[in-house]
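One structure below.
By letter and in written order, the chains are A, B, C and D; residue numbering begins at 1 in each of them.
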Amino acid sequence: MYNKDKVALTPPLGWNSWDCYGPAVNEEQLLGNAAYMAEHLKSHGWEYVVCDIQWYEPEAGKYHWDYNRFAQLCMDENGRLLPAENRFPSAANGAGFKPIADQVHAMGLKFGIHIMRGVPRLAVHNRLKIKGTDISCHTIAHRNSICAWNTDMYGVDADREGAQAYYDSIFELYASWGIDYVKVDDICNVKATPLEEYSARREIEMIRKAIDGCGRNMVLSLSPGPAVIKEAWHLAKHANMWRITDDFWDNWPSLLEMFWRCEVWQAHVKPGQYPDCDMLPLGHISITEDGKGHYTNFTKPEQVTLMTLWGIFRAPLIMGGELRDNDAFTLSLLTNDELLHLNQHGGTPLQLFRDETKAAWLNFVGETPYIALFNLQAEPAEVSASLTELVGDASYTAVELWTGETTAVQGEITAQLEPHGAKIFKLI
Amino acid sequence: MYNKDKVALTPPLGWNSWDCYGPAVNEEQLLGNAAYMAEHLKSHGWEYVVCDIQWYEPEAGKYHWDYNRFAQLCMDENGRLLPAENRFPSAANGAGFKPIADQVHAMGLKFGIHIMRGVPRLAVHNRLKIKGTDISCHTIAHRNSICAWNTDMYGVDADREGAQAYYDSIFELYASWGIDYVKVDDICNVKATPLEEYSARREIEMIRKAIDGCGRNMVLSLSPGPAVIKEAWHLAKHANMWRITDDFWDNWPSLLEMFWRCEVWQAHVKPGQYPDCDMLPLGHISITEDGKGHYTNFTKPEQVTLMTLWGIFRAPLIMGGELRDNDAFTLSLLTNDELLHLNQHGGTPLQLFRDETKAAWLNFVGETPYIALFNLQAEPAEVSASLTELVGDASYTAVELWTGETTAVQGEITAQLEPHGAKIFKLI
Amino acid sequence: MYNKDKVALTPPLGWNSWDCYGPAVNEEQLLGNAAYMAEHLKSHGWEYVVCDIQWYEPEAGKYHWDYNRFAQLCMDENGRLLPAENRFPSAANGAGFKPIADQVHAMGLKFGIHIMRGVPRLAVHNRLKIKGTDISCHTIAHRNSICAWNTDMYGVDADREGAQAYYDSIFELYASWGIDYVKVDDICNVKATPLEEYSARREIEMIRKAIDGCGRNMVLSLSPGPAVIKEAWHLAKHANMWRITDDFWDNWPSLLEMFWRCEVWQAHVKPGQYPDCDMLPLGHISITEDGKGHYTNFTKPEQVTLMTLWGIFRAPLIMGGELRDNDAFTLSLLTNDELLHLNQHGGTPLQLFRDETKAAWLNFVGETPYIALFNLQAEPAEVSASLTELVGDASYTAVELWTGETTAVQGEITAQLEPHGAKIFKLI
Amino acid sequence: MYNKDKVALTPPLGWNSWDCYGPAVNEEQLLGNAAYMAEHLKSHGWEYVVCDIQWYEPEAGKYHWDYNRFAQLCMDENGRLLPAENRFPSAANGAGFKPIADQVHAMGLKFGIHIMRGVPRLAVHNRLKIKGTDISCHTIAHRNSICAWNTDMYGVDADREGAQAYYDSIFELYASWGIDYVKVDDICNVKATPLEEYSARREIEMIRKAIDGCGRNMVLSLSPGPAVIKEAWHLAKHANMWRITDDFWDNWPSLLEMFWRCEVWQAHVKPGQYPDCDMLPLGHISITEDGKGHYTNFTKPEQVTLMTLWGIFRAPLIMGGELRDNDAFTLSLLTNDELLHLNQHGGTPLQLFRDETKAAWLNFVGETPYIALFNLQAEPAEVSASLTELVGDASYTAVELWTGETTAVQGEITAQLEPHGAKIFKLI
């Protein structure tokens, strides 16, 4: 275990603004969701409130969920991005996110922000000086590294003098605000090889070093995926969580796909090191300026499947929906203490089998086995798993975590599953 | 034949500033080479004088042959690049390249410039308006198309309103200056497929349309290579010449490689449509601020091989060395009227054979066959080609174009060749 | 032009057994189709009758259109495949295909066969001796070259002694039978590079040499496609036709795809050198043992589109359907003498334009222009082409080749087209 | 842990015939090396004696280290390969490897063999029946799966009836011989995806099932590498060791490369599941028919580096040299009990760092840390590793395992290393 792992000895539980508000979230929405979390979720272990992309863009949301191209971003004289005051009024007078972080902390919660890797293009072309140096931002911008889907930043060239100083300067600022969690974007699905001029590895290492030196613990989350499996050891060494999927939304094919993503990454779930299946697109999401979005397109069995897979795989659980619009079913998905216990305190998960129609996973909390059975078909199905090899031939009582039903099992466990449904059993 | 082919019914013959001066060429050098051409080469058919990259960058050359990153380029209020006046004094008062073009024209020659595809990044971030419109340059910049090796421009997104208007505006300016030849860079080695967001095809088509509408004939040359053979029909339809190689310099492996590049492209040599083997790095090249460069590293036989291959393949011949420093041998390479006659008036070339050690090519001017024999080895060698299949069994007198030697041949032609050397025979 | 081109100065016109009978064709069917051709098509220029794959496999067809795996093939003591006598009774007593070829010749037609590149696996494992040598077939088999979809052969390793002797031995046999056309399979869609151990180029060259030395002219046709465009010059040098597509069948997406295949290959259509769009799946095809197949799934407009594209592109026309079951419409497609004239005597075709909805092509016979307009949409559409650039502004009478309708045109030509339909105009 | 892991709770230690005898090993050599192992190595934990490739080929070695193409292999009437009696006399009368295995067992050691995945081509073309069935071998051969470098076998098509029965039949035979270890070749560096017709996964699963059902424990080793990291979970589930490299020989670039291979695979070292760095090419290797080979080209420091990396990474240690020709230094490398203790009883290894010049690894036996420092340069160098993060700030005595030298360390450990050399410290 690395020192950086200690900030997340169990998978982070939290909320992120992207799935409900895209780039347009504002102060009221952040604090409103924080208040909800404090009241309804904190006692179940949830703690992070995370503001996603483009909080520094006054016009974010003007083009709905697309990004303004070549936008006029808010920043200080050192090219450090600042919250747009029209969206985050408490940031006025250079306060940044400190007032919001303070309020979130006062609720007993933690506060996180999203950043893009790199240096703002405007800071480069306006030749702003890196804080505490005489080096212009244009000298550290990489000449051949941009984000494919957003025009705000240039990548930072680790070979240039001032590169680390720039990253240090922004994390110094974030530490002064009281940030507890940083989701760094456009950095995780890049393959690093000796042959490529640009290497995401170098920027990840600069960010790690900046966090280690900023005087404040922060969870480091890397996006977007899919991460490259060959980089697993490097991600585990430098980050706390890294996305193994591209953006995940509320449709069955994406959920189905997560089964083979988890299959590939299963050996890499360790304390402080979590393959990340992305946010939970549950409840009220995709909300536009008129306040209207839609409730998740997942069926109830699919939502159970999602929570069961994330739960037993021990993925970070970051709710994506507007918490204040949760219905009772959505809330129940987030407050299943038995499942959360497994998620927080289990070990490295093991896929028992997977084919076109079904899958099964195993995990343990201490000596207690948990087995999840999944029906990947669009029709009801019976799914069984042999217990003999990995759990032995003893008799168990199987407690299903979503229904509380109990059955006696020996040698094999079987469940009748709804279309795209799942059950998860604790064997006692 | 397309209308655009008529501007180059024979392969362009000219000089380009890159091989000798890189990005740092100045007015005196342009005009000095033009004067040399008028005096020594014009009578042999040479006519184009071309100013290569970054004439709009005042500091070009400050970093020797590297490009300043994120440089402060000269441009008008519409984001159209202008010659840097410190390097091109006659461009003062908004005259642009007109005074230089006028002088070149007065010598009976033609004048060309290099441009990068795209719109200047500074014009984008400063939101300059496209000439004659109310559209800001930032609205036409492609969000995911930059040059891999130069930070001056963003690609232009053909799907955005104003994209064609921008290209029209710059070619209107070039026409007003009297430009005869445009070498467009960062546009030719890009694979265009339906799956890729960015397609070089679209920018090529906008440039073609802008030239056709600008009121002045201009040769359109596309760089850098290697061009993609699958795009051959598209290049032939829109351009007059397109690079089939990356930058070509004075070393044997690059020259050897050109043999298989020519092999692949041979069927595509047609009037007005020329696969381009890049400039001739002969004579005095790679000159830095102190005025010192080096004389081509090619041996004399290699220089003969180069001229012979370019000649019979009917590649455009664009001299790269400082003409005023030509020695007698270098000048002799450029003034072989028999070879130039073949280059200008031959047909589609045909490779007779090629293996690791030797190659042979055939072309015709009218009914007269020309055969070139190449020794690709580092030792002297005898190379033969059978004449029977393609030229028949008649008796010929073979006149070697570099030496004037004649021999009687029938059925087969044989030559003793120096290491990396060549001979080329006209059969009469 | 190479000597080998002279056997096919115009695109071959013929019939092939694959589309109607797959691997199971027999003597009666070959001769029956030949007789039909002699009676109905020969006067329009058709001449080749070609027996497709696995004529040496007694059980071909037993698994319908699939190939028996590891079948017991008929061959002589030198590993040369022989017609299965149960299917071709006249081949008895070692006569091979000579009796059939003789009959086809007597009708004034020509006879062709299909072969797989390589040496029979059975000849390898049974260590049969190559004719006229003491070399066992197992010494020339390539250790890492098999066909991906058929288990009959091993590739021949050009580096092994006996490799050329083997190919010579089989073409000597084919010449003795009177074969006029050889379709070599599993050889055309292989990319040849210096890095790959196996190179199709080497087998193509051995086959070319074997034909040149066998004492009889034969058209050399290479399959399957898609051929690699980078190999165009090599294919043009050694073969008469080469497939630019994988197997082509009677569905619109495949026909639509042919438009971009032709786009890419247009410059390579020359006398004796034809990019091959595959057989015409028209009329009665896909016939199984019970004698029942289906009539082409193409609509009538699609069939006109197919014939128009193949016609103006100057692809070889090889009918795939059972000729004796032709209806009047199918026969009319094969006997449009104006279209056949263009196909046989046109020049290198030129695509005027192509997008998602339409396409246009141009060709000339002598000075006479032909223009084909295509509607690629599923609804009726009007399609126009400008004549100005390539044909000039003169007044023409446009004669539509399928309907005979005439219209006066100047500067532009327009047609109302059926869904997926085409018209082709001769301008006089 | 899976049941199959129990046969190799610690990394296998043994000897394999390939590095010294290639395909030509014989009975005397197997038993001679076994006797040496029993006398000199067994007390240090070594136990496996493994006969490598082509024991069923009477002429193996005739072409030195190349494989005869399309050889006449020894097999029974069911297509099951048998030892060539000219090389293994005790195999006469159908005894197979039982007499040799019995003798090895009598020495207190275990016996292993190499096999190629698949069914012999001769069994296919001769249509031998699979044991206990009426199914011919030709029905289970895959139509598109051969080995790229050896012509003995066809892959087995898991979709065909009889496929599992064939694998069961050969493992039944191996169990009857008393085989303890099977190295399956041509199976490990194949990428398995849903898009590819052939999948190595399917053959691995059939082999796993055949071993599980054969009534005898056998270590399953998969070759050659490099294994695909995306398949790590599948390999861990079905095999005991899998090659992460192509064939490894005695040159520094290959050894250097192993550092990044181990880097990528480090998380996957678990009981019964070992990424395999290939045999140890130490001592007398590459022996030809005249009995002469060469002593390893590795320098002594490189040999120490090799053993140190394999040791701390917990790779299986399979000696490749002729044991009877070991010199004292070579023997000392194999009998360092402290290193063997770490190799056998350590945990999952962790790379501390790696760059172009140096590397460091950490492992633990229980609570005791071991740290290895490597000099990857060709000059002597000092290499240090910080202990603080992972081992803490306590004071330790560092015992170097190759020299026994001790030093006091705290917070950091430093070593002076020879060119390409290593040291490994136990911290007590």
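Simple rule for what comes next: contacts are C-beta pairs under 8 Å (C-beta built on N, C-alpha and C of every residue); 3 or more make two chains touch, one makes a residue touch a chain.
Here the structure is a predicted model, which is why all the values come from computation and not from measurement.
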Interface residue overlap between copies chain A and chain B, same or different (over half shared): same
Averaged-CA centre spacing for the pair chain C and chain A, given as whole angstrom: 56
Mean-CA-position distance for chain B and chain A (Å): 51
Gap in Å, rounded to a whole number, between the CA centres of chain C and chain B: 40
Complete list of chain pairs which touch one another: A-B, A-D, B-C, C-D
Of all residues in chain A, those that touch chain D in their complex: 1-3, 229-230, 232-233, 236, 263-264, 266-268, 351, 389-390
Parts of chain C lying in touch with chain D, wherever the complex brings them together: 69-70, 121-122, 124-126, 138-139, 141, 143-144, 146, 148-151
